[in-house]
Amino acid sequence: MARVGVFVCFCGANIADYVDVPQVVEEVKRIREVKFATEYKYMCSDPGQGMIRDAIVQHKLTSIVVAACSPRMHEKTFRKALSDAGMNPYLLEVANIREHSSWVHQKDKKAATSKAMDLCRMAVAKSIANEQLHEISVPVTKRALVIGGGIAGIQAALDIADARIPVVLVERSPSIGGKMAQLDETFPTLDCAQCILTPKMVDVASHPYIELIPYSEVIELQGFVGNYKVKIRKKASYVNFKTCTGCGACWQKCPVKVPNEYNMGIDKRKAIYTPFPQAVPNKPVIDAEHCTMLLKGKCGICAKVCEKGSIDYTMQDEIIEREIGAVVVATGYDMWDPAPYEEYGVGRFKDIITSLEFERMVSANGPTNGVPVRPSDGKVPKNVVFIKCVGSRDEAKGIEYCSKICCMYTTKHTILLHHKVHDSHAYVFYMDIRAAGKGYEEFVKKAQVDTGTTYLRGRVSKIYRKGDKLMVRGEDAQIGQVVEVEADLVVLATAVSAPKDNPELARMLGISYDKYGYLSEAHPKLRPVETAKAGIFLAGCTQAPKDIPETVSQASACAAKVCGLFAGDTMKKDPMVSTISNEYCSGCQNCVKVCPYGAIVTDEVPIGYGSKELRTVAKINEGVCQGCGSCVAICRSTAITLAGFTDPQIINEIVSI
Amino acid sequence: METEVKDQLVSIEKPQLIAPPNWEPVIMGILCNWCSYAGSDLTGTSRIQYPPNIRIIRVPCSSRVDPWFLIKSLQTTADGVLVSGCHPGDCHYISGNYYARRRFLVTKKLLNFVGFHEDRIQFSWVSAAEGPKFAKVVNKVTEDIKKLGPLHLYKKENFEK
Amino acid sequence: MNYTKQIQEIAAKLFAEGKIDVFVGYRMNGFDDNQVPVLITGPQEVSRLVFTDKSVFNLVNYLKTDHTRRKRVGLVVKGCDSRSLNLMLTESQVKRENLYVVGICCEGVVDDAGRKMQNCTECMVPDAVVSDELLGTPSNIGLQPYAVNPDIAVLAEKPLPERAAYFEEVFENCIRCNACRHSCPLCYCAKCCIDQETATLYNGANTTSGAFHALMTWSLHLAGRCVDCRNCEKACPSHLPLHLLHKQNESVIYENFQEHLAGVIPGDRGAFYKYSMQDPDDFIM
Amino acid sequence: MKKLTYFPGCSAHGTSEEFDSTLKLVLKTLDVELEDIPDWNCCGATSAHVMTENLAYALPMRNLVLAEKLENTTMGIACASCYQRMKVTKVHMDENPELAKRINTTVVEEGTYQGKVDVKSMLQYAYEDIGLDIIKSKVTKPLNGLKVACYYGCLLTRPKNITKFDSPEYPVSMDQICEALGATATEFDYKTECCGASFSISNTEVVENLSGQILAMAKESGAHAIVVACPLCQSNLDMRQPDIEKKQGIKYDIPIFYFTQLMALAFGYPIDQLKFPKHIVPVEGALANIGKVEPVPEKVKKPIKAVEAESEVK
């Protein structure tokens, strides 16, 4: 027989003014299982908690009901009081007689009192069915996986590794560096991107706690927070990185030319290549799609010139596995393809380029040695028109959101143009200038004055050819007229868009993504770094467009989160999770289907005691289970129980009024 | 079979029971922890007043609500039930309320089919920020059920309190 | 519709080739022209097998028994039966490789009085959807517009008190024998939820209220899964119109979620085990 | 023999009679029989939809309902404006059955709208349903040497989600048809600019400005003539050309052909059947280019694109 103690709180006047507390206590005492009931001014105060502790010992109570404020407020406080008295904290139930009665029925004390009695009765009934629960402790593998080796991934990996936690950094392309490695200078200080990034890249390669796995992709993630297992596919590079010295003889002699991705296809690279001179690791890979040796078995020059014999045409993709405890996703962004802007003649006119192409041209190590040229005739342009918001803030043709960085990088481009071509003139068509950030507005102002750029507020409606010039027609909304600008070169500030394969990645990792393909954070304000899946964190543009300082901040925040997660040897977890009874489970696996966390897997158990024959049942991984109860409600054979919200507990509440 | 149904329908008719004086309905409110329960707490902290007929049960998610909680409530103590969860897309557990929504519709229609008035089984989405909405919902449900009177269906053999 | 000869031949061949341990089919009941299910275990019994428009029962139900579990079974399925078999397969209750399925392109079966069964008159999937061998000519009727069951339509028109009274009578007549559960191929749970303590708590098992609770829960567990084979109704000693509950759920699911009929698509678990963002939301405040 | 439901529209009986008659010649060669919609009415043109939504939908719907009585699945429309009204109505009705039901009540005597008949402009029909190969096969007098700028105007390919045909900004269907006839289509960036349309009567100056730019761009592209598929385009560019020339002080002398006229010409119909005398700008100058051999253009210099990979190493 259960022995329940009930403690009704006055909450000063908050409850007592509108609910007749002594009457509630009297009424509660009439319940058979209630062996002790009392009232106090502030139950949450130390003396109040003391009363609970004393009564537990004195009256040999088996469960406790506190009738007070919302359990969302003080459940933890009272649970602690129970533990202090040596009682399992989960034998507590809270009757919410403040938010649900005294505060909302202030005009009818009788009704409020009667409702408070009912709420107490319900809590008592539920507490009778409460069971002792114990916090789940989950062991932790203290190694982090960082997906993506752009500035976000680099920063996160370095910060985690500096805390002496091993990091596995997986990068898809042959070198880390990401988009930032393609940039010339960075706003608002005009630091050279290479100068600030490459030291960090080198740090990554030489860090004792970082395992860099380039030219690889994550293909599978299993397990749960603290205990993930990841499968990584190492793409065949056809070059033995262990023996290769990076001398470069192979790619200097390679006869096959392929458009160079690093330079946005403006120039050519070889079929065996390092993406750029400062690449980390600085080892070449063979592009299997273009290498004639791999395609047709003819050539083999690179193998001949390699003194170390590092070229291996028979190399295969390799799957490697790592055990990790947390994941930082930093897959960056894609540049949006401006093809829908047919009125600009995108794809028809060669002298319309995207901002990243412009960035490569003005870059000192770029394909044109730092001088912007017209792709059509190679001439240096004099009049350059920059069009902002190409794809951004355009519901009809592009994406609804603001890409956040284009205002700033376009400003930077006008400066770079001015530096490289002194007699040039830049025109910028813009919707707004969004320069919120430290030193950003000043940067824009200064650039406008220094470069003498003409800013035209309005959208471009058409671009057409006139001789070898491009005529850019748009609106100048400030004078309310249509204007036409004769341009040698047009640069489109294309939008930042989510990586194309983010949805696939999200499904593989078991996290969610938004309608654009950006990965979703757990809470837009208070948990912007976490995902809804414990142990997976987001850094950089894969979550939303952001600039470099913001990306670095988020990456460091990820590192802090990972370090926090790994602070102990085990992790504690709420015990309100589901369990499945093997005898009752019929093995239909509907629960496996509805579980949003993939916490349910199948298991083989003997069909009867001692039998060798097996049958399939479902099994819950309590480390992953978040305790939503979806599986409980769909389980027809009621084989699943959710601790803290069991059927008996809820039915007791229902029938107890 | 078809003819049988029709025949029986004509023959059976039972008098409606009349509500006793001072009768107050009991409404079982099953609320998800993250949105609606938090919303109902906000109604409290904002001191928005609503009728005292609702008795609130906390569950982690609307998807935890098994249809037979509703059946059980109506058979035993309640004259009506209200289940409330997070708005579509806001589920703390990603997709729970979508599964729940399907079950609720079928359950409501089935209970209505076997003789319960539709207003006795009601659902709402109330977010943690919608304190006033929660009060409005309770007002409406209480009003609806007061109009319908006490529920007697399948309560004949009820346990004695 | 008479496939007696073919089925006998198939069964004989399967036994001869050693492909099956048991064959589940129909035999004459021995005193009138009605049939009962039969499990035969060898070629010597093959001559007892029959199949005509009196072969009403859904034999998939017999895959739940110890005589068939973990054995190689041959069985005869009509359109509706095959849909329940599909669900059994999806829900991992039977293994396809253990079965040899003789599918029938069903022309409808008749009740004791010789009238075509109601579910056959409104049948939308007469051909077996799972089979190793198909007997008869496929009707290929394809997807039909969903027609609400006439009984449901009649009842839905009635005023609420009348409907309540009608169902009170129905539940009052239930004797809680659980024959409906036993006869349903999809009621295979190791322990039925309505037998659990919390379910019978405060309602009693053998009361109208208990019957109401049990039948409601039961029908909701079959919602989106019931294939309308009417085994339950044939088994019910009180002749309760159990199909009303199932057809009601089916029509709600079909109209609101645009789901296919239960068990038609392999791997489809039914409406409650998936969702769509576009599901109706207007009934929720 | 293919059959096609035909909605001529009012222009075909007036200003663009040459479009109508040459269309019929061309379709005869292409083995297509036109069936007029019995008792067709005004499409509502530019006026109805600025007045009331109901009328703007009801007028085309009556035609659509009547067209459903013929057995053909496609309705071909000569005039771009008629095409647009008809297509918009069809798309909106098909998307919104409730609206269709409501609008249908106004034309209930004609029948119930079912959405059976597809609506296509004659350009779209020629391009999609007949196809370039068949058109090419019927050419007996290729138009080699004739350089044309294809002008589509505002309505034939826009809005994109309604017409679902060709590019809304840089369409190529008419260009390809002209190339199939042996002519050369010039690179013309003003294909879909506004010609001034209905301002032709109310505010001529606008038309002169806009159409003037189109003519100037066509001239710059090297075209001898402009090809159109819309009666209003034709009349603005043709009829206003002398005024534009006077205003700008430039002699254009660019005749404006319907694409069907050029087709008929290439199919071998005698010039006197092509109604050229209806044109304001004389056509002879442009047609004289047919058969002339083009001087081989100077070889275009290969653009210097970038420094090759090797230099990067140094």
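General remarks:
Labels A, B, C and D are assigned to the chains in the order they are written; within every chain, residues are numbered from 1.
In this text, a contact is a pair of C-beta atoms (placed from the backbone, for glycine too) under 8 Å apart; a residue touches a chain by one contact, two chains touch by 3 or more.
The structure presented is a predicted model; accordingly, all values stated were derived computationally and were not measured.
Under the contact definition stated at the top, no chain borders both chain A and chain D.
More C-beta pairs touch across the B-C interface than across any other pair of chains. Averaging C-alpha coordinates per chain places the centre of chain C 62 Å away from that of chain D.
With centres defined as mean CA coordinates, chain D is found 63 Å away from chain B. Centres computed as Cα averages put chain A at a distance of 47 Å from chain C.
Chain B and chain C have centres, each the mean of its CA atoms, that are 32 Å apart. Counting partner chains per residue, chain B has residues 72, 76, 95, 99, 103, 159 touching two or more of them. Each of residues 594, 634, 647, 651, 655 in chain A touches at least two other chains.
In chain D, no residue touches at least two other chains.
Chain pairs that touch one another are A-B, A-C, A-D, B-C.
Listing the residues of chain A that touch chain D in their complex gives 248, 252, 257, 260, 263, 266-270, 277, 342-343, 345, 348, 350, 365, 367-369, 373, 375-378, 462, 464-466.
Interface of chain B with chain A (complex): residues 24, 26, 28, 33, 37-38, 40-41, 43-45, 47-50, 52, 55-61, 63-66, 69, 72-73, 76-78, 92-96, 99-100, 103, 135, 159. Residues of chain C that touch chain B in their complex: 118, 150-152, 154-156, 158, 160-169, 171, 193, 199, 202-204, 207-210, 212-213, 216-217, 219-220, 223-224, 241, 243-245, 248-249, 252-253, 256-257, 271-273, 275-277, 279-281, 283-285.
The part of chain A that touches chain B in the complex is made up of residues 70-73, 96, 98-101, 103-108, 111-112, 114-115, 118-119, 122, 512, 532, 576, 594, 596-597, 626-630, 632-634, 642, 645, 647, 650-651, 653-657.
Put simply, chain C touches chain A in their complex at residues 70, 91-93, 188-193, 196-198, 201-202, 221, 269, 272-274.
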